[in-house]
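Listed next: structures, encoded as structure tokens.
Shared chain: subunit A. Partners: subunit B in the first complex, subunit C in the second.
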Partner chain A sequence: MYISLVKLKRKLVKFTNIFRALLTSQYSLMHEYRAEIALWAISGLLPLIMLGIWTQSSFANFNGSNYNFFVKYFISAFIVRQFTAVWVIISFEEDNLEGRLSPFLLQPISPFWRYFSSHIAEQLTRIPFVFFILIIIFLGIQDSFWIPPFHTILLSPIAIFLAFVIRFLLHWIFAMCCFFNDKASSLERLLLIPYLFLSGLVAPLETYPEILRTAAYFTPFPYLISFPSLLLSGSIVNPLNYFMHQLIWIFILSIFSFCAWRLGVRHYSAMGA
Partner chain B sequence: MSNITVSSLSKIYKVPYRKPGISASIKHFFDRKYKLITAVDDISFKIDEGEIVGFIGANGAGKTTTLKMLCGLVYPTKGIVSVSGFIPKERNAAFLSQITLVMGQKQQLIWDLPPIETLKVNAAVYGISEKEAKKRIDELASMLELNDELFQPVRKLSLGQRMKSELLASLIHRPSVLFLDEPTLGLDVNAQLRVREFLSMYNKRFNATILLTSHYMQDISSLCKRVVVIHKGRIFYDGALTKLTNKLSPYRNVRIEFDKPQTLDDLKEYCEITQIDYAIATIVVPSSKLSFVVSYLLNNYTIKDLQVIETPLENIISELIRNGTN
Partner chain C sequence: MIKLIKKYTNFLVLFWSTSLSIELEYRLNLIVDIFTLVGNLFGSLLVLSLFYTNHHTLGGWSWSAALVVLGLFTTLEGFTSSILQPNLSKIVRYVQLGTLDYVLLKPISSQYWLSFRYFSPWGIPSIIVGFLISIYGVISTSNQFNTISIICSIIMIISSLITLYSIWFILATTSIWFVKVWNVNEVLKSILIAGRFPISSYPNIVRTIFTFIIPIAFLTTIPAEALLGRLDVYWFLFSLIISATLLFTSIRFWLYALNFYTSASS
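Right, the complex of A and B next:
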């Protein structure tokens, strides 16, 4: 028992060192692309466009909601979206087609962690740009500034991170199709439709018909935008149930990811490398 | 003791196949046709620990596919492979820590960052402490004559500097088995020489087993005592390089420059005189009689210059494949 714990500790220390090294190198790399990241941050303005549409519509008072709710929700959705951006299918496909995946596969660590650390590094680089855009939003939109309760400030980053993990795993599973099909990135568009409509990105799920809302909560999508945004905007009092669902989805998707990886890597033909 | 054992190894790829034209394209969309291509066909060989073996053949002969199967990148269709006691396709972490694959046309270095960043990541991945990593980087960098280049973005390095950095990144974990796929591709003569010297040094210092593919026969002749020749997925020859050259090139060309014109009538029973141009003669001598003829010439004539011209290895391999195909 003691030996197992020592081994586990050693493995954890090794993994921490690897992840730190990956994150450091990827963070340095992202700094090389800071202008591109600033543009990506600006391009994530969809929730703010939706805010404009919703606050001007007659639905602004739907279900007892009011202007303040929409403003807080969509600004929160903007923040959540900024830190849950995932492009692993595209990177994985490029690496697969151009043979860059081969050296990664020959190292005693799953390439999963390279892509994961690359996304985290991009998010860290994005922080100052997001703050800058938020200042402009707070100055430009009437009654848009609010300070969330202390527990929300603590819990929201966790909810956003878990949302990112769910989205990353979902995309990773689809990325594994690259092992079977050269153009798996087209599948990303397939994911985009449910993501747009069931995640709460274009409209809060509270505005949906009851049956559609209930159905949506059986999918992972509401936990990607809706839940973290509602939490950050102060509309969820007891988030425990939502966190549990996030963890359950991470567990389920992790199993699928692992199986998809094992199955896919057998088909790898190392083309171009 | 064999470090690499390959037994009846085959790889068949399923490749989409269609005729040109719009109608063929539409037909292909609904009814996809595939062609089975045998890249490697039932090959077997063994390589001992510390041995350097040249793996040669034309483009598409199956060299790279074999290397990919040996390092566990590609699953074999059939056959058994064992490398350092591991089955590569299982991709065991202990196995991956003992091998490396260096591809001349591909790189693992992060393009926009200095090589040192990749080296640090690789050191962490292989569980090498910072102190030990620094020691190894210094040691390998000195063997490869790399200094400030490690701190400049990869995109700013020359091809030779990039290849040397690539070798450093691939060897930081001191693998005992090296799979090298055209490591000198595109390098100038000096850089090729440096890489060859480094590989020879690495082999001697760490008793590493090396399987090398290259289209530059100079790489093969200066590093490998043994070669495996592959053609259309099958092994044509597996044995000593000298035996191969003696077998397929049993004659040597000798160019002699005398102090005055000569007829060389006394040599006609030992060799064939192909050309005499004033005081310069070219003769073809059987390899077995070469030392006798050269001694005879030196003892009986006044010679200004004498050159023994080896048949290029490229010609020998080409001859081997042609003979085998026929």
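Right, the complex of A and C next:
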């Protein structure tokens, strides 16, 4: 018993060392592509376009509190979306097609962590650009600045990170289709559809008809945008239940992604070898 | 002149028939793309309907009129994924690998070759469905059609296609200088989504930007107004001027950019 614990600890230390090395190398790589990442940050404008429409629609003019709700919600959604961007299907497909995956498989750590760390590194590089855009937003839109309560400031990053993990696992499972079909990137477009309409990116789920909203909360999508944004905008009083749901989804999806990975690797036949 | 047109249409037939046979290798994509189209359509209708609950309206547009805008947007999306995306996304690669040399050596206009060499059939369902939605919207607003309004609408739709093409081509041209420019098109795509809704549903400042700086109004709202038979003559002319200017700019800009092309590894 004692020996196995020691072994486990040694394994864990080794893993954290490798992961830290991966993360720092990926961070310096991403830092090289700052300009590109700035453009990606700008391309996440959709919540702000929707903000324009919702605040202009007669919905928001109905009474003043609605206006404030929409402004806070969509600015939060903009922030959440910035830090939950996932493109693992595209890069996995590229690595698979161009034969880079084989050397990754020989390394003493699963390629999963390589992609995971590159996403985190990209988010870290994004931070200054997001701040810059936020300042413009706060200056440009009237009554848009707010300071969330202290516990929200602490909890929101956790909610956003968990949302990112859910989305990453979801995409990872679909990325595994690359092992079976060369052009899996069209699946990414398919995955984008429920993400657009069920996550609360284009409209707060509160405006949906009752049945649809309940149905949406049975899928992982509302926990990607809607929950973190509502939390950040200060509309959720008791977030515990939502956090539980996020963890449950992470649990379910990690089992699936582990199985998908095992199945895929077994089927893998090194491109170009 | 007629000979020239004939030559270029012959090329077009050749280009598209070869790329069709390439694309048909990936038939599974068709199923995925149809699912994507249907999902996208239902989602867009749902979001649009949210604005119309409890007798609210969107920028003074009735539900059927807003459907015309949505339909035109869907059509433009199909046009983008059939022609613009497959062709213009490759320019970056030609510059990177230096294979643009071979394109320039061909006895045919390089802009024509770069813009129309490939064709992806997967956008066709969007084009058809988009048109059907627009026509449904027009019919349910029950305004009478006459020959003039039909001709005007067709001209406005062509003008919006030219505008969209020119913006894309101008941005793709900048890859002669900045090799990694493809993200700019992602930014453009994310802004063009704004064309899904009538331009009058945006706040004033945004509306001005979308009319005079990024001409989104001319992509969907103006053609939709033509289809609904309520476009006044000034906007009609203005739209023509915008598309003609942008097309002319794209041609001149491409020729100008070629002066700076130094090929790769030579």
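Throughout what follows, the second predicted complex is superposed on the first by the 267 of 273 C-alpha atoms of A that agree within 3 Å, B and C clash if a C-alpha of one lies under 4 Å from a C-alpha of the other, contacts with A are read in each partner's own complex, and residues count from 1 in each chain.
To be clear about the criterion, a contact is a pair of C-beta atoms (placed from the backbone, for glycine too) under 8 Å apart; a residue touches a chain by one contact, two chains touch by 3 or more.
Only a predicted model underlies this, so the values are computations on that prediction, with no experimental measurement involved.
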Overlay on subunit A: subunit C relative to subunit B, clash or fit: fit
Partner chain(s) touched by A:55 [first = subunit B, second = subunit C, both, neither]: second
Partner chain in contact with A:254 - subunit B first, subunit C second, else both or neither: neither
Partner chain(s) touched by A:190 [first = subunit B, second = subunit C, both, neither]: second
Touching partner for A:181 - first (subunit B), second (subunit C), both, neither: second
Contacts of A:235 with subunit B and subunit C, given as first, second, both or neither: neither
First, second, both or neither for A:44, with subunit B first and subunit C second: second
Apex subunit A: angle to the C-alpha centres of subunit B and subunit C, given in degrees as a multiple of 10: 90
First (subunit B), second (subunit C), both or neither touched by A:269: first
First, second, both or neither for A:202, with subunit B first and subunit C second: second
CA minimum distance (subunit B, subunit C), superposed complexes, angstrom: 5
Contact residues common to both interfaces of subunit A (with subunit B and with subunit C): 33
Subunit C - residues contacting subunit A, complex: 26, 28-29, 32-33, 35-36, 39-40, 42-43, 46-47, 50-51, 53, 56-59, 180, 183-184, 186-187, 189-191, 193-194, 197, 201-203, 206
List of subunit A residues in touch with subunit B within their complex: 14, 17-18, 20-22, 24-25, 28-29, 32-33, 99-100, 102-109, 265-270, 272-273
Subunit A to subunit C touching residues, read off their complex: 33, 35-36, 39-40, 42-46, 49, 52-53, 55-59, 181, 183, 186-187, 189-190, 192-194, 196-197, 202-203, 207-208, 212
Contact set on subunit B toward subunit A in their complex: 13, 68, 71-75, 91, 93-94, 96-97, 99-101, 103, 106-108, 110, 112-113, 117-118, 120-127
